[in-house]
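Presented below is the structure to which this report refers.
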């Protein structure tokens, strides 16, 4: 996969961007420039813009600000925003609307297995032509468009990237005289000591299958290596291997050693994470999006010494700690049925670049555009730690539930819960995961015809 | 009947006391969610997830309410919800009472079948018809009518079942008398039948209101413009995927619950009065 | 009078508005669902006609069987546990107690409060470490009774059912209460004047008058249980590993997560068929009962 190179490039370039940032004074304005050779309409038009940041969400002001900027720069173009709660947007709203291409002219969409259904059904506009006009290939990090590219045609503008890291509350580690674990064995030792002292060692809300997936998916990166997992998820290799079995075994081992909260299968992800934010649990394996919560002054852990490290290495594993879970999965896409494709793209392009920068400052995500100019804005300190960490990364694997498609996702969640509940063996997990993946891929291929 | 029961009970003091103990105990349980919701709305995440379930907040987060009222277009959402619920109730009551009359009093061959068909509507899962309904409602999408129409249609079965059940148990002597006096079916329905249905219609109105007021899936899917959002959509939008201020959601939910309580209190008095009236008239 | 009641014009006037709306909005989607149920279709692309395959697969699907069993259990609990409690409360209140209005309003509160709130409340009560239930058992000196209520395959289902049953007690109670209150005292008084005994009045006068409502509530309970979605969705999402899955939840997952729209439509249609079966059964049963009391 291309993602390896991407992340290397990203780390180098954003570091450069940070230095250059202070020198550039044109912040914001350049995202509104229309490239040469692009003509936008003079007529009064309305673009419908669908996103997942309703008022009250941290990202909402960013969206509002850009819409205002854009409408000012293009007085004849009006933006009608439809913000929807993220989970409902993903499960029902977009799905139902895309069935007759009535989603927004510009709409937020996850790539990978999620958008595939819409692309296959012809609800999404291919963007190759506009990519050339705007010279996007040179502006985004290499590999940023991997998961919005279907059959060699690109369908989205990459918004942000994420990486999974182990957040450690150093204060609690110090209290029990423990070091931050670097290997899986050290991790298990920490788990043991914390448990002996009645401290829940690690965050997990197993009621939400994806939360277990975060940990097992990363363990698979460690045991099988990022390249293999990517190939297997694509359908070019099997998931039913001793390494994937091992990743499930390690998860079960952690669970049996009491690494996770009591009754974790009945606890939701946000509730479990709150245990970390309020300084009660020392370890949390989460996405870089959690950085903003770490820094929130409301949360007790903002006072604590939070260390950010890669998930510990596994002995004999094929992947080392330079490999991460993560990647670019959030995109803006254009409705295939839009009446104003050129204007829709121009707006989406500006919004993507603007949001990339602002979300980075906010601590929501790492940017995937090269010339990110944050000016002298203060970037989330926790996010900077993560960025330092991934500078030397050599491989990335998306969360399986975003990589996979259709029925394989729910199957994944249930199989993971089976591991935690003890009703499924690691061998069965790997075998049934492979079966679910193959079935879902076949279903998607059939629907695409 | 009331008097006879009371007379009987005075002979059984222990049973009466036990009854009251039970009623008070049960009332406390039933009222607990209100207390819990209100205190929940004044807590921060740490308290909410930290085990303070039934206690009062340690730090009262009144700003949760402040944020609700300053941040979201909550008044607009509230008005939209009220409009949708009110029109749904009125439409449902008119259509259902008329249909019930036709189904229980008028004599036609297919009435049994049509009645069963209405009931079938009650058995249809809303989730299953989200997609077809979205398509069929295309002309009125993104207006409040795209909620009112399906809410009314989906409430008809329940309303018809309840109203025709009541109609069946009302003796027909009065109608027969009116007929002999030369009244038409139409006059009969509006002047004699409808007043007798007041109590059950108030009950149906309450149940309707709860359905229309709390519905989320249709509202979220069929509405696009923020000016059309209903209160459930507004409150649901406060839920973030990865981090959420739960106290603020609690505040939103409390604010959204108050109108239902007020309306219930109002309609329930109405039920009480019409029941009393109906009973006298017999 | 007979002629007026048979007038086509009158029949059309009264039934057509409701019937038209119902046909357009509810009946058409039912037929659409029925036709989707014969397709292998992801809800977006072109479907493939597979005849009854979805129904055949459904009967073989262990998750469908589990969900069906769970849904039927809920319906049974609703009829045999929830309804009697509702009836008892309604009768106590209808017979006249001090503060009747207050109690009636208080008992209805859980119905008014949205499922989201009720489900979140119970999640706190069930919480494995600080939940009220486990804390209480600890305090009673019975730590062995502590459970991971919503998180264990063994207890998740019952832990979902309890709040669901509890929440709607007030709903049925209100219906029973208004039915009981609607019986005019004249009827009972005149029966007494005729020298009827208390049991005779209860059995032959009050019961037949309340029975139509009991019938309606029974149908509500069964249909409502087979369609119930919100509370379980929030409490467990059907988990862990499908342990608390019910038909509507399974259908939702098949549509919105698994892209199996055709299969999900088959489930929706079978829910309707099961509900219809029970409705006709209940109606028949009550007709029989009414006839006996009417004698």
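The first chain written gets the first letter, and so on, giving A, B and C; residue counts start at 1 in each chain.
Going forward, a contact is a pair of C-beta atoms (placed from the backbone, for glycine too) under 8 Å apart; a residue touches a chain by one contact, two chains touch by 3 or more.
Predicted model only: the values in this text are computed from it and were never measured.
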item: Chain whose mean Cα position lies farthest from subunit B; value: A
item: Pair exhibiting more inter-chain C-beta contacts, A-C or B-C; value: B-C
item: Intercentroid distance (Cα basis), subunit C paired with subunit A, Å; value: 40
item: Subunit B and subunit C, separation of their C-alpha mean positions in angstrom; value: 15
item: Multi-partner residues of subunit A (at least 2 other chains); value: 92, 99
item: Subunit B: positions in contact with at least two other chains; value: 50, 130-131
item: Residues within subunit C bordering two or more other chains; value: 43, 127, 129, 256
item: Complex interface listing, subunit A residues touching subunit C; value: 91-92, 95, 98-99, 117-118, 120-121, 123, 206-209, 261-268, 405-407, 409-410, 413-414, 417-418, 420-421, 423-424, 443, 446-448
item: Residue ranges of subunit B in contact with subunit A within the complex; value: 44-46, 48-50, 67, 71-73, 130-131, 134-135, 138, 141, 216-217, 220-221, 224-226, 233, 236-244, 248
item: Residues on subunit B engaged by subunit C in the complex (per definition of touch); value: 1-2, 5-6, 19-20, 23, 26-27, 30-34, 36-37, 40, 50-51, 53-54, 94-96, 98-99, 101-103, 105-108, 114, 116-125, 127-133, 136, 149-150, 152-154, 156-158, 160-162, 165-166, 168-169, 176, 179-180, 184-186, 189, 199-200, 203, 206-207, 210, 214, 232, 253, 256-257, 260-261, 264-265, 268-269, 271-272, 275, 278-282
item: Contact set on subunit C toward subunit A in their complex; value: 40, 42-45, 48, 123, 126-129, 148-153, 156, 236-237, 239-242, 253, 256-260
item: Subunit C residues within the subunit B interface of the complex; value: 1-2, 4-7, 10-11, 13-15, 17-19, 21-22, 24-30, 32-33, 43, 89, 92, 95-99, 101-118, 120-121, 124-125, 127, 129-132, 170-171, 174-175, 178-179, 181-189, 209, 212-213, 215-216, 219-220, 223, 226-227, 229, 248, 251-252, 255-256, 261, 264-265, 267-268, 271-272, 275-276, 279-280
